[in-house]
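Notes follow once the structure below has been shown.
Chain naming follows the written order as A, B, C and D, and within any one chain the residues start at number 1.
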Amino acid sequence: MEFEFNFNRGFASDNNSGVHPTILNALAQVNNQHALAYGDDAVTQKAEDVFKSIFGADIEVFFVFIGSAANVLGLKAITNSYNAIICADTAHINVDECGAPERFTGAKLLTVSTPNGKLTVDLIKKHVHGFGVQHHSQPKVISISQPTELGTLYSIDEVKALANFAHQNGMLLHMDGARIANAAVALNQPFKAFTKDAGVDVLSFGGTKNGMMYGEAIVFFNKELATDFMYTRKQGLQLASKMRYISAQFIAYLSNNLWAQTAGHANRMAKLLAQKVADIPGITITQSVDVNGIFAIMPAELIPALQKEYFFYEWDESRSEVRWMASWDTTEEDIERFAATLRKLVLQ
Amino acid sequence: MEFEFNFNRGFASDNNSGVHPTILNALAQVNNQHALAYGDDAVTQKAEDVFKSIFGADIEVFFVFIGSAANVLGLKAITNSYNAIICADTAHINVDECGAPERFTGAKLLTVSTPNGKLTVDLIKKHVHGFGVQHHSQPKVISISQPTELGTLYSIDEVKALANFAHQNGMLLHMDGARIANAAVALNQPFKAFTKDAGVDVLSFGGTKNGMMYGEAIVFFNKELATDFMYTRKQGLQLASKMRYISAQFIAYLSNNLWAQTAGHANRMAKLLAQKVADIPGITITQSVDVNGIFAIMPAELIPALQKEYFFYEWDESRSEVRWMASWDTTEEDIERFAATLRKLVLQ
Amino acid sequence: MEFEFNFNRGFASDNNSGVHPTILNALAQVNNQHALAYGDDAVTQKAEDVFKSIFGADIEVFFVFIGSAANVLGLKAITNSYNAIICADTAHINVDECGAPERFTGAKLLTVSTPNGKLTVDLIKKHVHGFGVQHHSQPKVISISQPTELGTLYSIDEVKALANFAHQNGMLLHMDGARIANAAVALNQPFKAFTKDAGVDVLSFGGTKNGMMYGEAIVFFNKELATDFMYTRKQGLQLASKMRYISAQFIAYLSNNLWAQTAGHANRMAKLLAQKVADIPGITITQSVDVNGIFAIMPAELIPALQKEYFFYEWDESRSEVRWMASWDTTEEDIERFAATLRKLVLQ
Amino acid sequence: MEFEFNFNRGFASDNNSGVHPTILNALAQVNNQHALAYGDDAVTQKAEDVFKSIFGADIEVFFVFIGSAANVLGLKAITNSYNAIICADTAHINVDECGAPERFTGAKLLTVSTPNGKLTVDLIKKHVHGFGVQHHSQPKVISISQPTELGTLYSIDEVKALANFAHQNGMLLHMDGARIANAAVALNQPFKAFTKDAGVDVLSFGGTKNGMMYGEAIVFFNKELATDFMYTRKQGLQLASKMRYISAQFIAYLSNNLWAQTAGHANRMAKLLAQKVADIPGITITQSVDVNGIFAIMPAELIPALQKEYFFYEWDESRSEVRWMASWDTTEEDIERFAATLRKLVLQ
């Protein structure tokens, strides 16, 4: 390379972090001669087998480039354009995908306000009606994020309650698992326990935010839902030609508990950060720190100064709420310095 | 990694080849601490500057994951759903993107038969009519591939003639440059000479087929066409979160003439292969070997046996025409053995 | 016809009413020899002129078949798929068009709860943000219904406030005027005063609910917004071949104040109905009866019995709120009998 | 009405003709009190029954406004966006619907040149391949027009051959019957014989071109294909609120052989016209006059003068081929005068 980049670690997003060395190394390991393009290669076969070892053989798994694509194409597979998808108003599919779910599925998003990013049967009941009425978008999917965009977690029972409600109404349960490793570690449960076994029908299984370079998976727990999905992926511009390089990342990520180490570390760092700032005057943590995100209200006038040192995002300007994310590569020293900087700003 | 993969080099597709070591190394070089996600990072800034050094400062460039996305989103940027796009019936956008152009743009593809994959004004004239007639999809784009899917090349003058015709009719010229490096080397011209300077309006600039891992660019030579393109890319599921890793590849690829070395090598290997098989009885090369692809008619009954040794694709079963592609990593020894195998099969 | 139909007048919907005799007669008057199809005929020219006499010469007007199409195509004309449209959660475009707005525009609907179906700047402010952020659907349109789906009216000043807010933010104001005649009569204002002059950019101008057989108009107050609209209409499956029959209806409807007679009558009948039921025990009128719709809470257990006599729709089951609509052909006798039936049921 | 329109009968299009008096009368007959909107009325029930009396009880029929909508929504019902639809390059869905089929279905149109507008198995074979290949739009529908846009007819056996070929390949046969009455009369066969009984799966059944004001039907011969079609129609902006007025037209049209009288007359007038001009020097009839359209080559320099008297369309400028359409209201006198005018022009 012809010049030096100066990077710093911060708390803006786990998407800002780099790639775990083991993942980088996996790329090099499969970089050898020729492999059939578009997923017809042995590395991809192996990566699919790894997913089957986790979720059971009766699944279908497809790799795509990014989390938004995993969500949008997964939803496309299970909706028609006259359907409606129920989600939290804070859901990634609602606020962070530039309308791609509507654009690509044609379906309507029905959103509900939640105190903590989590749907409940009670909250969504009002949208589950109008079946058979031709004027109304037909409710078909409940979409939840695990963990949520507010850093909170569904318990297994909470997932089951939504799955049952969905299925009783002829609907399906979709889970956005962009940070699913963080959820699994926090719940101390295997992936399968709070997805397939809890009634989830389609899962976006993320890797990029937890140490991979690129690559997400769409997992169908009912294979019939995936009958034609290969065309949907291709038409959705998500079929990688040199797919072995996504597959290799997933093999490395899911082997030797790499995913658990990285996610577990990020979760611990978030808890540590929460602990370190909890007693700073004017700082109020607003959501349960279940995984690797911290939501906090802080003095509005101090935000720019803190951002100058560590870039991060304001979440809700109206109440000067900010978001801090820990990553797989966050260090205790990062936390100490960040907390100290914040404390100093507050106490000035 | 937990097991060994056995790969072999073949002639099926340049997409089957691996990643050039310099590219792999570039990934490692930017794998350091945190960088802003979604392209707001210094690596991406640098990569964009490299494109501007090639094409001039008055362009807009956007990175996406794959060539189909570069084509589809580039076309989306310059069409409305009531437009028509004119292309060769052999164009990648017509036969290899599973209808994504129609699906994503809503526009109609108007195709023409060609002897060699190349459009001419005469061939497309019949589709350039009906302007202002509300019943007819309004012609808006001529889309060409450089090189074509048949391994042939447009001369600069041929590109200019199509660009002029397009512009005279209020239309735009789109170029699919999935293998644009192979074209530049073969033409012995800078990229700019046969794109921007020849009147191309929007270009898909490929890298994956020539030694990159993933990553293509969409280059707008008229910046106004790109005003809102960042939303189109995001909604088109092509905004990479950890974009620095695409950008780093492009920096390495476009530095020190790496692109020219790899493409030049592939082109030479194709010519060598053509030469080595030309005198084998029953083998007829059907297209000019302008870049790295060879199209040849061979005895139908020998195809399976040859495929057993080296996988490749039949192109036109009706006349037992096959396609052999050379890659950046094809060796002379590969060629010798392939030609010898074929010769032996024929002479048995 | 081969058999008799038994119809009854009720209060379910003004869409259930028939066609005014003057409109039927207009159909016969233009039923003479041949006229150019698809709107290139003298009747359509005349109908467009009538609209221009109402709104000024600097407009563009297009006829379509139904109100949903007027809304959806009008919105399509002024949005890109990465845009967002802000509307009341009770808006027809949100609840009664089976997701056609999302399906056809690709855009996102951002909905707000309102006490009375009316948007205000305060209510929608939270959705007007994120400009220039590529992850967010870009707010582009505020869409209001005049009158609203709850039978309420915006004052001219209220429309102006929303128009100004829209324009200050680079957005546009869309008005669903499916019952615009009822609004004009109730406001005692010419159409132009609360549409074009108040800052509306695109208007759905309805006729079917007020005595026409079929046919709605899309009026663009900024002609530039309509540059390519003829293709959008055609592609949107709304270009009538024998358009003279829509046009003739509009000419008759807008001549001799027919629209004002029919809408004025319907409004009066609604007020009369409200008056007749106001003192019935257990009946609470929940919305201001500004035009021809009455929303009322009534004893839930009496709804089926009343529906048996007069079909109508429950609006909000959770509070046994019902909707009664008066039509251009509702008679005072209908009202008397309906009120008496209801009174009798309640007092039994 | 406030002014007089001057109409003339010509030969431009059967869409330019007016409405048969019996149809107009039917509109008046159902214009009585209230009927449930959106098709839940007795008139629509009756109209559906009339279709079932023609095609059998095991069908589903839906009414829409226009022929393009019948085609597009019928195709939408039987395709996914990754499918391909095979049709003649002269098909209405390819050249006269402004890309609505692609826009609404997302699917690709694969077109073939034909000498006479008619598909054959041989002509389309080349497009029926690539099943299971994820890069290729999957062929799903063969769409034919009966009669064709060139005024020619498929025999029952020809329809059957295409249906069999479609079904053998897991595909469906769609028929655009915009002028189906003209076909039935010309074939001297009941509708059912060359549609359902010949293997057609979905039919666009036209009325507007043969004496109706507006209204077309989509007939599903396999009810399972129509399971969710009510939502597709609504979302496709084709659900008429006052549907009884479409239904009444169809009842009148299909009763007492009105359709056969009007179509038979138009067919006879076309044959008469062909006969009257056949011996005029310089006039060559280019297609078999199977129904109500005549295609003829005439001296290019005389076209404008003839158009001045009788507006009609040039079909293929490159060979000065024109199209003349007879309508249900064309008179023998119209023919005589037209032929005389043409003869005079030629002989001058």
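Simple rule for what comes next: a contact is a pair of C-beta atoms (placed from the backbone, for glycine too) under 8 Å apart; a residue touches a chain by one contact, two chains touch by 3 or more.
Everything quoted here is computed from the prediction, not taken from an experiment.
> Using the touch rule from the top, work out which pair, B-C or B-D, shares more C-beta pairs.
Between the chain pairs B-C and B-D, B-D carries more contacts.
> Based on the averaged CA atom positions, which chain is farthest from chain B?
Relative to chain B, the chain whose C-alpha centre sits farthest away is C.
> Could you work out how far the Cα centre of chain B sits from that of chain D, in whole Å?
Taking the average C-alpha coordinate of chain B and of chain D, the gap between them is 42 Å.
> Report the inter-centroid distance (CA atoms only) between chain B and chain C in whole Å.
About 51 Å separates the centre of chain B from that of chain C.
> Identify all positions of chain A at which a residue touches two or more other chains, and write them in rising order.
Touching at least two other chains: 38, 81-82, 97-99, 103, 106, 134-135, 231, 234-235, 239.
> Under the touch definition given earlier, write down the residues of chain C that touch chain D in their complex.
1-3, 5-10, 12-13, 15-19, 21, 24, 26-38, 42-43, 46, 65-69, 72-73, 97-100, 103-104, 208-209, 213-214, 231, 234-242, 245, 248, 251-252, 255, 311, 327, 329
> For chain C, which residues count as touching chain A in their complex?
Interface residues on the chain C side: 81-84, 95-99, 102-103, 106-109, 111, 134-137.
> Would you tell me which residues of chain A are touching chain D in their complex?
38, 80-82, 106, 134-135, 138, 228, 230-235, 239
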